[in-house]
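Each chain carries a letter (A, B, C, D, E and F) given by its place in the written order, and its residues are counted from 1.
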């Protein structure tokens, strides 16, 4: 163990030192000429907002839902992924996703270690290249972090780290390239404004495979495992919502009409999602719940993500209501299937993301795009291809990665460690004293 | 000396304490507990999964008293803690051998 | 119950579907020509900031102050209002408030369902119409949410929803129209920069009526009811403060000198409010408290709101100190009056809002406005009219709405439900496990 | 006591009233001509972000680390400092730091009470003078608040207030002037982009003196004193990180390439810091911890602060890794020295700040600056002078101030109060009920 | 009557409760406690400082039963609570003088 | 066997535990309780409303011991828990009928 860590630490240092002189000098010759300060301000803010979604947002959203003996372990999943994947993105990931396209499949290596990524304007926008890079970095980090909800309370920490790095490099970067980086899906005309496929389908269906491969938690379906701190989850929900404005409206890459439109659609879908889930739950089980409202908000947000810039406000409202009810159904239905997706990543992000991708093909009417209902039936077909291709790629890839990780370090903690909880067994800490 | 233990509804704690203090009781120890009994618990729902929770929050009072107060203490507790609805709780009395005040070393009834 | 819910759900869907095609297409013909990216960035951010005030800010501020058996119920008040009122605003409220003026009293219906509200510049600003709309939406949501503090721990959830919708449509929208939407108060020259009357007087005096009509909590004044989690309230305070920069400085509708001035006045008043309350409490009861400091900050913020864009920094300082001490006095005094305004909405927002409205008439000196002390005695008179008219309208209206709600669904939970707590009785959930 | 408070309250009111008419009128004649809305939006946002760092960020970061009987007392330190020092800054501090230079040592008095600080553009930027002032205000507040971690759980509240005011006026303002306000260190060419010396060295070495002068907590090294709520500390970490984007990238004073570069360096260093600490701890004590990751993130952020605008991404990565490991070492080493720096202000901010100052002299390559490794050996020397001069000035000054405060009101609570906890003994409150 | 106290591992609570209910027990009181025993505690590390925590979370069940059920109750608890590893806990039995149901005033076995 | 219960000041817990361990005690159970006694509680103030809180946080230790250790255990507790100020707490001793170790089924002194 120690040797491996040592080795990693040192390689990082060595590699970095080598690039250091080269790349850091290189990056400076961009001309800041055409930077638009308003656009730049907005995307800087949006990047910070997305950070806020990851930490503290998602960390607390998930942390509140687990049992108190696992809250730190759960937070650590998100926290360590944020740190680690950010560095991976800087060193490798960004280049693979946004480097010059190679055969529609992957980006070139010219941006390794951010060589040549500087203060100059990013083509087609009014913001510096570095700002575009860091905005995308946050997306890369949150996507991997989202998956962790499916194997909460039982994953080994070393396995988590290895899984995260492999998944980010081998699944996220290529997929981002396909859709946004000049790859084949984007070229086909697939619409994914802020990551319905790249972020939500990929994390949601990755999560499905994880839940199936890792198996249920000890006591799943037998002991009650109520969330240990729902106000913490509400706090996480609020921060996710707040940050999602950066996520979606920031994807316009400027403070323009498109951002305005995406901002409004995002907010409306969040609200409608909350109401949709609440009403569905109220009708089925007799009482509306806080966790239901919160889950519906997240479902609405995940669902509007791919169409945020393409849907009008009333379409967003309709889609949000639908998303809330549908994801509630998916989550209820899950209990019948028997896999243990602990924090419902599949039911919310997977189902929501796919619904949003399809709905974009139906309801697009803004931002120069149109869907089936506005006279462009071809778009629906493209969207289906986008959705299905993402699902297949992600599920197969995630399966292979999990198998590799299992062989190398083993996926699950021991049953003994699991009943003690991740906090003490993995980290020698307790959350509350 | 007697050790009186009583499990009551949490919102009755203040009333019971006041009544006992009026009776001349000078010390007691209170613990938050969960009770299981005829009073049924409640349901909780989290993302569509329903749990039946059988345990109800209760407060346990422990009270060491001289033998001759037993009857009055029991009556006082009953009077103050009764709401008449299910779950009002129980009183358990047992014998105690020794009581000692740490600060002074006093033993027996004087230690209470 | 179920039928009503079904009915609501379906009507929403139907109505939305009808508008959908019409409005969503319509909204797109604005020309984004004169949009200023800096202004747009700032108001997008400000809108997100105000969301952050509502959720998680206000939800946690209030949630920490109640007993632990009611924390989810309290959070749910704010959360469900945010979702519901946002949709009401999109469908109806915005049009009533900001549609073309009808007789000085109400806005026209041309913006129903956001028809015609698009990416084009909003007159007199550099921001898209949609951005103006969504910024105002956040104000509509927070105002209703503020009121809930007065009837915390005892309101029936169905009553809450009905009350919120009626109050928003019948009180908030008209009042917003009177002051900001071209109505009679605005025409009179009344100054209310960011909502001293529209937001704080209305919620504060609405709260007073609510506290009186609903009556005291069981055990009020007999049992101690200490806040169950003050760090949660501090967190809420911090997020409210943070968001308030968007609330007040965003009300300049651009990233200009006016925003700068409002930002600074806001911060100074918050600090001075905290100090004012702390010192007053210290002198009266011997110890300064964290809750006192936090309450004073909110009092300072509420009080500066109407004058944020019109007062200089030292006036803000003075007003803040006064606000802290005055609101502390009001809260102490309340206990003598016997009504149970559980979380002190009257003492802080009502008193603070009215004080601010009057103080603006005295101290205005910035942004092209002047008050009595700077040579314009007429302004004070106008401000008094603004304050008093708002109070009367809100109190009468709130009373009528409460009576209607009481008849339709009943206002209070049963005594049994109240002693079990709202979390279990209304929502089948516990906050902490 | 009461009299003193009365006296302070009244003097504030009187002084303010006098300035009121004069200054508030004065401030308005700036011409908003050359304001850049994008730059202004970004610095307004940045100021709000830094507020968010102080409250709720730092308050909760520290609050989670203490025992539950002291959490409110700890939060109160940060909260009251924020309020009080903001007012001190407005009245005096800003002028001393940024008024016209007097002999390289201190600023003139022309900005007392913000006289002449208005909406006009601040020279050399596109933002209003008021915005520059309020951005700097937040720095002044957080610096003093950072120190409180060293004497947590034992400082008397009156002593805290007096200490904060004296320290801010006598240490912070002059130091800020020396480096940023036209003073001798800035003139020498010392580089401190966002406050490695002004903020982190000063709070860190001030903290060292405080820990030594106040002495250990009762039971230090004997009883375990585990953090009472680590998720609260994680929340604080997340908000600090989020806000730090404003702190560092805002220090570019505009939404430009420099901000982009600082933003990216900040994020990378934070992530690398987290990884660095985690790996170091993992290797030494066998398990990675959440508190370790969080501490490493803060260490990375503190360390990159002075060089955020001058270092390239890979330099930031390297420096971050180093910062995490180094600060971990410092914190472990501390236990051997025996002083009780309760929340490790010295080990993180002191060590991190000094490391960052020196590293800037080595690695600067961006923003028109170069360090030793990029061919400018002189810079390293200047940076050493900056670091050492700050340390000496701060340590001597802090010592004198503490002695004065000790004589006037006494520094520590009584042992009895200390074992009851600050919450009850200083504030009559409990955090959790 | 007897007062049975048993300290068990928290995750065994549901099982033990079910087993007792099947036996016909109608009431019990549960407290979260920290146990010290042969089962060693754990280490915690905070910023490089290591603490040995000797106390392990346990659940205490208090159970008042008629004399004739003592044997069966003990056996049932042992069966349900045993995992075979160290720290399974203890059962302590003592004599009880009186039991009283507050709601009805019943005394003795009828109050249980 | 004897059941010793003692309510002490929370910050004395570690000291008392150490002293008992030295004496050879191998097990105990600890509960966080609130005590009411001669030690007065404290005032709390929330937005101008003042509450008198009568209950003080205490720690209760339960200890089952063989009869012959009673005297030494009591002395040890008194020595370790005494601070001399009011609120140091009490020791209560009662008779115990049976003790049983769940893991092994051992009964009596051997189960402790």
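We adopt the following convention: contacts are C-beta pairs under 8 Å (C-beta built on N, C-alpha and C of every residue); 3 or more make two chains touch, one makes a residue touch a chain.
If you're wondering where the values come from, they're calculated on a predicted model, not measured in any experiment.
The chains that touch chain A as well as chain D are C, E. In summary, the interface at A-E recurs among the listed pairs A-B, B-C or C-F; the equivalent pair, sharing over half of its contacts by residue number, is B-C.
Two copies of one chain, chain B and chain E, form a contact in which under half of the residue numbers belong to both partners. With centres taken as mean Cα positions, chain F sits 18 Å from chain B. Distance between chain D and chain E, defined via averaged C-alpha coordinates, is recorded as 52 Å.
For this pair, chain C with chain D, the centres built from the Cα atoms lie 33 Å apart.
Touching two or more other chains at once are residues 31, 44-46, 94-95 of chain F. Among the residues of chain A, those in touch with two or more other chains are 36-39, 41-42, 45, 226-227, 229, 235, 255, 285, 287, 289, 291, 428-430.
Two chains count as a pair here when they touch; such pairs are A-B, A-C, A-D, A-E, B-C, B-E, B-F, C-D, C-F, D-E, D-F, E-F.
Only residues 3, 17, 26-31, 64, 94-103, 105, 111-112 of chain B touch chain F when the two sit together in their complex.
Against chain B, in their complex, chain C makes its touches with residues 219, 223, 419-420, 424, 428-430. Of all residues in chain A, those touching chain B in their complex are 224, 226-227, 281, 284-285, 287, 289, 291-292, 295, 328, 331-332, 335, 344.
Across the interface of their complex, chain F is touched by residues 2, 6-8, 31-38, 54-55, 58, 60, 74, 77-78, 81-82, 84-95 of chain E.
Across the interface of their complex, chain D is touched by residues 36-39, 41-42, 45, 49, 67-68, 126, 226-231, 234-235, 237-239, 241-242, 245-246, 249, 254-261, 263-264, 267-268, 270-272, 274-275, 278-279, 282-283, 285-291, 293-294, 297, 311-315, 317-318, 321, 365-366, 373-374 of chain C.
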